[in-house]
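Can you keep this structure in mind? I'll have questions shortly.
Chain nomenclature is as follows: A, B, C, D, E and F, assigned in order of appearance, with residue numbering initiated at 1 for each chain independently.
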Amino acid sequence: MTRKHKVMALDAGPPDRLEPEIAEYFRKCEEKLGFVPNVFRAYAFDNAKLKAFILMADDLMLSDSGLSKTEREMIAVAVSAINHCHYCLTSHGAALRQRGKDPELGELIAQNYRAAALDRRQKAMLDFATKLTEEPDKIEDTDRETLRKAGFSDRDIWDIAAVASFYNMSNRMAAAADMRPNAEYHYWVRERSEETAPAALKRQPGPAPVAASASPRRRSARGD
Amino acid sequence: MTRKHKVMALDAGPPDRLEPEIAEYFRKCEEKLGFVPNVFRAYAFDNAKLKAFILMADDLMLSDSGLSKTEREMIAVAVSAINHCHYCLTSHGAALRQRGKDPELGELIAQNYRAAALDRRQKAMLDFATKLTEEPDKIEDTDRETLRKAGFSDRDIWDIAAVASFYNMSNRMAAAADMRPNAEYHYWVRERSEETAPAALKRQPGPAPVAASASPRRRSARGD
Amino acid sequence: MTRKHKVMALDAGPPDRLEPEIAEYFRKCEEKLGFVPNVFRAYAFDNAKLKAFILMADDLMLSDSGLSKTEREMIAVAVSAINHCHYCLTSHGAALRQRGKDPELGELIAQNYRAAALDRRQKAMLDFATKLTEEPDKIEDTDRETLRKAGFSDRDIWDIAAVASFYNMSNRMAAAADMRPNAEYHYWVRERSEETAPAALKRQPGPAPVAASASPRRRSARGD
Amino acid sequence: MTRKHKVMALDAGPPDRLEPEIAEYFRKCEEKLGFVPNVFRAYAFDNAKLKAFILMADDLMLSDSGLSKTEREMIAVAVSAINHCHYCLTSHGAALRQRGKDPELGELIAQNYRAAALDRRQKAMLDFATKLTEEPDKIEDTDRETLRKAGFSDRDIWDIAAVASFYNMSNRMAAAADMRPNAEYHYWVRERSEETAPAALKRQPGPAPVAASASPRRRSARGD
Amino acid sequence: MTRKHKVMALDAGPPDRLEPEIAEYFRKCEEKLGFVPNVFRAYAFDNAKLKAFILMADDLMLSDSGLSKTEREMIAVAVSAINHCHYCLTSHGAALRQRGKDPELGELIAQNYRAAALDRRQKAMLDFATKLTEEPDKIEDTDRETLRKAGFSDRDIWDIAAVASFYNMSNRMAAAADMRPNAEYHYWVRERSEETAPAALKRQPGPAPVAASASPRRRSARGD
Amino acid sequence: MTRKHKVMALDAGPPDRLEPEIAEYFRKCEEKLGFVPNVFRAYAFDNAKLKAFILMADDLMLSDSGLSKTEREMIAVAVSAINHCHYCLTSHGAALRQRGKDPELGELIAQNYRAAALDRRQKAMLDFATKLTEEPDKIEDTDRETLRKAGFSDRDIWDIAAVASFYNMSNRMAAAADMRPNAEYHYWVRERSEETAPAALKRQPGPAPVAASASPRRRSARGD
């Protein structure tokens, strides 16, 4: 299907001339993932837009946080499930299978996190992300308080909100532009044993952030 | 009410030490608007997050586009109306009253754009932004085609989608953190004559983008 | 825009010959507000309909009640926000700014009352009005009991319900007929100081009820 | 069940002393229906509220209109079905069975009007009433135009809207107060032959309007 | 209206040659109900489909269970009310009036079970059936636990779920095919006294199951 | 996690003594799939329920139809995606990957069929299944007519409806009981080449129907 050879349904213009910083970022994607994610190619018609998107995405998903990187992928995937986002369920579903080293859990969150045997903390985290996605206008103090009681700091709540909100943006961008994920994602971490993920991914699960601006002040609580 | 003196309900940490670039941006806000928008103060606990947010927001709302700046504010406000976002309706409602030089139209879009006598182009633009907000999973080729028939290029469609998607993020961030808008916004451009907006706003309606990266390749179609 | 010169999109017929009682009511509107609200002009093609509407509206909003007049406007505005009613948000938003003597709170309720620092009583009142608007079929004894615990009598609950229900009617009537509010409303009570509202409004905030039938048996609890 | 002996769940106060006009109206109800509808008893704690309610209801349902009385009952019932209103489905379901002289059609509209073999006019009428009930904020010119194409005048559209809007109010009032319909309604016009309805109802299907103010200018198009 | 003479809008083919077992089942329907329910005639183009449907329906509604047959009809009717299913509200509304020997309660559940004065057990049962109908993806352990606390065994919960799920299927099948219920249902048990139901129905409220496979292990808790 | 070793959250009783016919069916499942699907084990506490479920499921998914078996799995998966059903997305997602011999398409339908490049026929099929799932009460003649115009016979429409309706039942049953799919499904047909599916599956993709009652009258249109 020729459709697969386009990264999206919109013809937003030819690729911009990549800034050196972005070109280097793309090179690292190729090296580590084996490809440049199509979402970046979709944004590549304009360096400013691409750079802002990468900066924000990498900061949210990779910088220090009280949420583990796996937990952030869980939020990304749970939000994308509500919004039925083909692109993000494929790419972040793959990332979650890889991060969580559990192909079954990755699928499960992409289907319905309520069917997972999550601990209270992660259940509260995804309940909040869900309410924020479905009825943002109904968030109240009690919702924040529930997260605090589940062990989250205010800074953690910010991060839960920021990841959930970002995918509410990305899901819509992917839907509006009909972005198509790289086919490779489908085949990541599908084997029963977790020994099968590509070595590169294991060592360093994504490209380094474009700007290493996040200060080392805070450590991820969950071993990544 | 002491509440008004906090910028949000979350205590995400003390302000980060502002990078010089950001400090200068804040200084310009003070100069031109008379204040630093509270959303920036909310993000200020972390320079990386603040910078990514400003870069993306300014690129979307201020860089060259086939959409006028007024049209982009219309989208911001229409999306925020669906999500009932107090912060964004206040700040972008003010911006739309100011950009559109029409206090009544600004209010109207914040209430229900369907009551406005919009031309076909702008009606189609807000219809798309609405569907993308309410049921992103149901966007189809026909929705993009409707925009093309209303005169939008594929690049314009990207911009409509990008602004609508961004406010779906921002609305949720404001809801999750309970951000409170600067009170000044309430009083912008409320007089019947459009001669009353602060002079600074008239000459230059917002601070310059942090990074002037947008090439001058494209012109706004609608006089701003 | 010629549109502004019509009071609605429907041509329901020429104005009926006003009954003397109604003509006097209109004269008082002119005197006190400076104009006859367009909703009355929309109904004016038929005296019977106009009279029933005015009788009901004035009884609900102006007669004795355990709810203050400001609280009744809060309900009107909160319901109209859910229904995105241009006419009612404009007219009752203005009335709420005027009654509450607080332009910011008026806006806030028109955007999302959950962002306001309401006391428990008023929060419960608007939560009930919201549920009654959004899912009337799910009201149960527990909902009435929650209001009682927040300090409302059964008669107060009736009044909350009656105001919320009435605006669920009016919002739909305004939407169906595309009623356009008088432009004057936009400019009411927009200044920071509450000293600026027109004197007439301050002394007597609306025309007297057509029929002064409400017995003086009950006093408004909240200073109006 | 003692529950049945109360007309609603709220104790809004003892009955007001009925005005003579209302007392006469109640007497006629007893004479013609065999009972005073419980909704009137619920409102009877306050003459002003009761009178406004009766004036509006009678004007909408009984005065001259381009809509037949049966059509107005169809709207009442279709709206009440969406809102799952026990009181109104019982009382107006009975009225519709009686007006339409067809127990099966009455039930059908109370269940789902889309299953009825309605003509284009009545289908358009109920489609509009449904949209106005479910998403009033999305009514647009095209919706009014569809009604015009189905043969309705602008004045008819007003009446469709007014009846649909009124039952959006009444349904909510009944839900909020938990009003219980008179048991008699259940047994109206349940026989296969239409010859069985009480004679009084046949001759004169409801009490005369309180105020016979509607001028005889317009005739009902549909034989009643 | 010729419409009434067809059992559905689809022409799925001529009736299959009835298997003897099914022919006997139809004969018993005629004998006991006076007619073969139209849903069976709709399925009769294919014996395998018809047989599977009857087996499942009869097992769910007539075999031993901790739920009384009346309770199972309550679930069927409450689910059908949510889905606004003309066929099932008519046929199971009739069955519920007959089983419950109360024409008013039957109507009430078909309108809104929340208006009924149900005991805690039955309220919990219908609340669960409603949530399962409206948002099946949000069922959690706490929902099952609420049923256990209301006195239901796990096996009972299965049965509540099975009946509610089955009518979510049947309602959709009836909607898709536009099935029309036998007119007779309208007239069942409409009289105030419960003495009027056809004798056959009283003695044995439906045809015996096709396959009498349910072991007599469990007794219905509620007198049927 | 011990959770994985239970087939559902309900303890509905010990397995019934399997009827010989069912025991043979289970043996064939073991032989062909390598396991008995957990949904059957969930139903196994009662032979009558299990048998009715298998009869209906096998008839719908495996008997002759104008819909190919792949198309029927597409419907099952698309409906389960709307209902976010973990069990059915896992089991029928696997079946669809296997039937369609395309791991990517299988995933895509489980995420959002609108992102797939479906032909008009299959698009119309899934649009109908979606509407029937989301708003069954709004199905009208025009919906059936759209399917006819896309090439479906009335009998095909029945089958589309029957499969979509069945999974609206099964999804709810799985949600209510918290059924957990066999882990093996996760690993079916995940390789890029379609040559990798287990041989048994390829030759004969599921166990034979319990009752081979479907007459060979009609052929599947789509090569299976």
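Following the convention adopted for this analysis, a contact is a pair of C-beta atoms (placed from the backbone, for glycine too) under 8 Å apart; a residue touches a chain by one contact, two chains touch by 3 or more.
Because the structure is a prediction, the values reported are computed rather than measured.
Student: Keeping to the contact definition above, tell me which chains border both subunit A and subunit F.
Tutor: B, E
Student: Matching over half of the contact pairs by residue number, can you pick out the copy of the A-F interface from B-D, E-F or D-E?
Tutor: The pair repeating the interface of A-F is D-E.
Student: If every chain is reduced to the average of its C-alpha atoms, which one ends up farthest from subunit C?
Tutor: Here the answer is chain F, farthest from subunit C.
Student: Distance from the CA centroid of subunit C to that of subunit E, rounded to the nearest Å?
Tutor: 46
Student: Would you kindly tell me how far, in whole Å, the mean C-alpha position of subunit E lies from that of subunit B?
Tutor: That gives a centre separation of 53 Å.
Student: How many angstrom lie between the CA centroids of subunit B and subunit C, rounded to a whole number?
Tutor: 30
Student: If a residue has to touch 2 or more other chains to count, which residues of subunit D qualify?
Tutor: 84-85, 112, 137, 139, 178
Student: Assign the assembly's chain-to-chain touch graph to one of these shapes: line, ring, star, complete, other.
Tutor: other
Student: According to the definition already given, which pairs of chains are in contact?
Tutor: After working through each pair, the chains in contact turn out to be A-B, A-C, A-E, A-F, B-C, B-D, B-F, C-D, C-E, D-E, D-F, E-F.
Student: For the complex, give me every residue of subunit C touching subunit A.
Tutor: Going through subunit C, the ones touching subunit A are 112, 114.
Student: Give the list of subunit A residues in touch with subunit C in this complex.
Tutor: The contact residues of subunit A facing subunit C are 137-140.
Student: Can you tell me which positions in subunit A touch subunit F when the two form their complex?
Tutor: Within the complex, subunit A contacts subunit F at residues 1, 3, 81, 84-87, 89-90, 103-104, 107-108, 110-112, 115, 117, 178, 180, 183, 186-187, 190-192.
Student: Going by the contact rule at the top, pick out the subunit C residues touching subunit D in the complex.
Tutor: 9-13, 16, 45-49, 51-53, 55-56, 59, 63, 83-85, 128, 132-133, 136-137, 139, 141, 144, 154-155, 157-158, 160-162, 164-166, 168-173, 175-178, 211, 213-215
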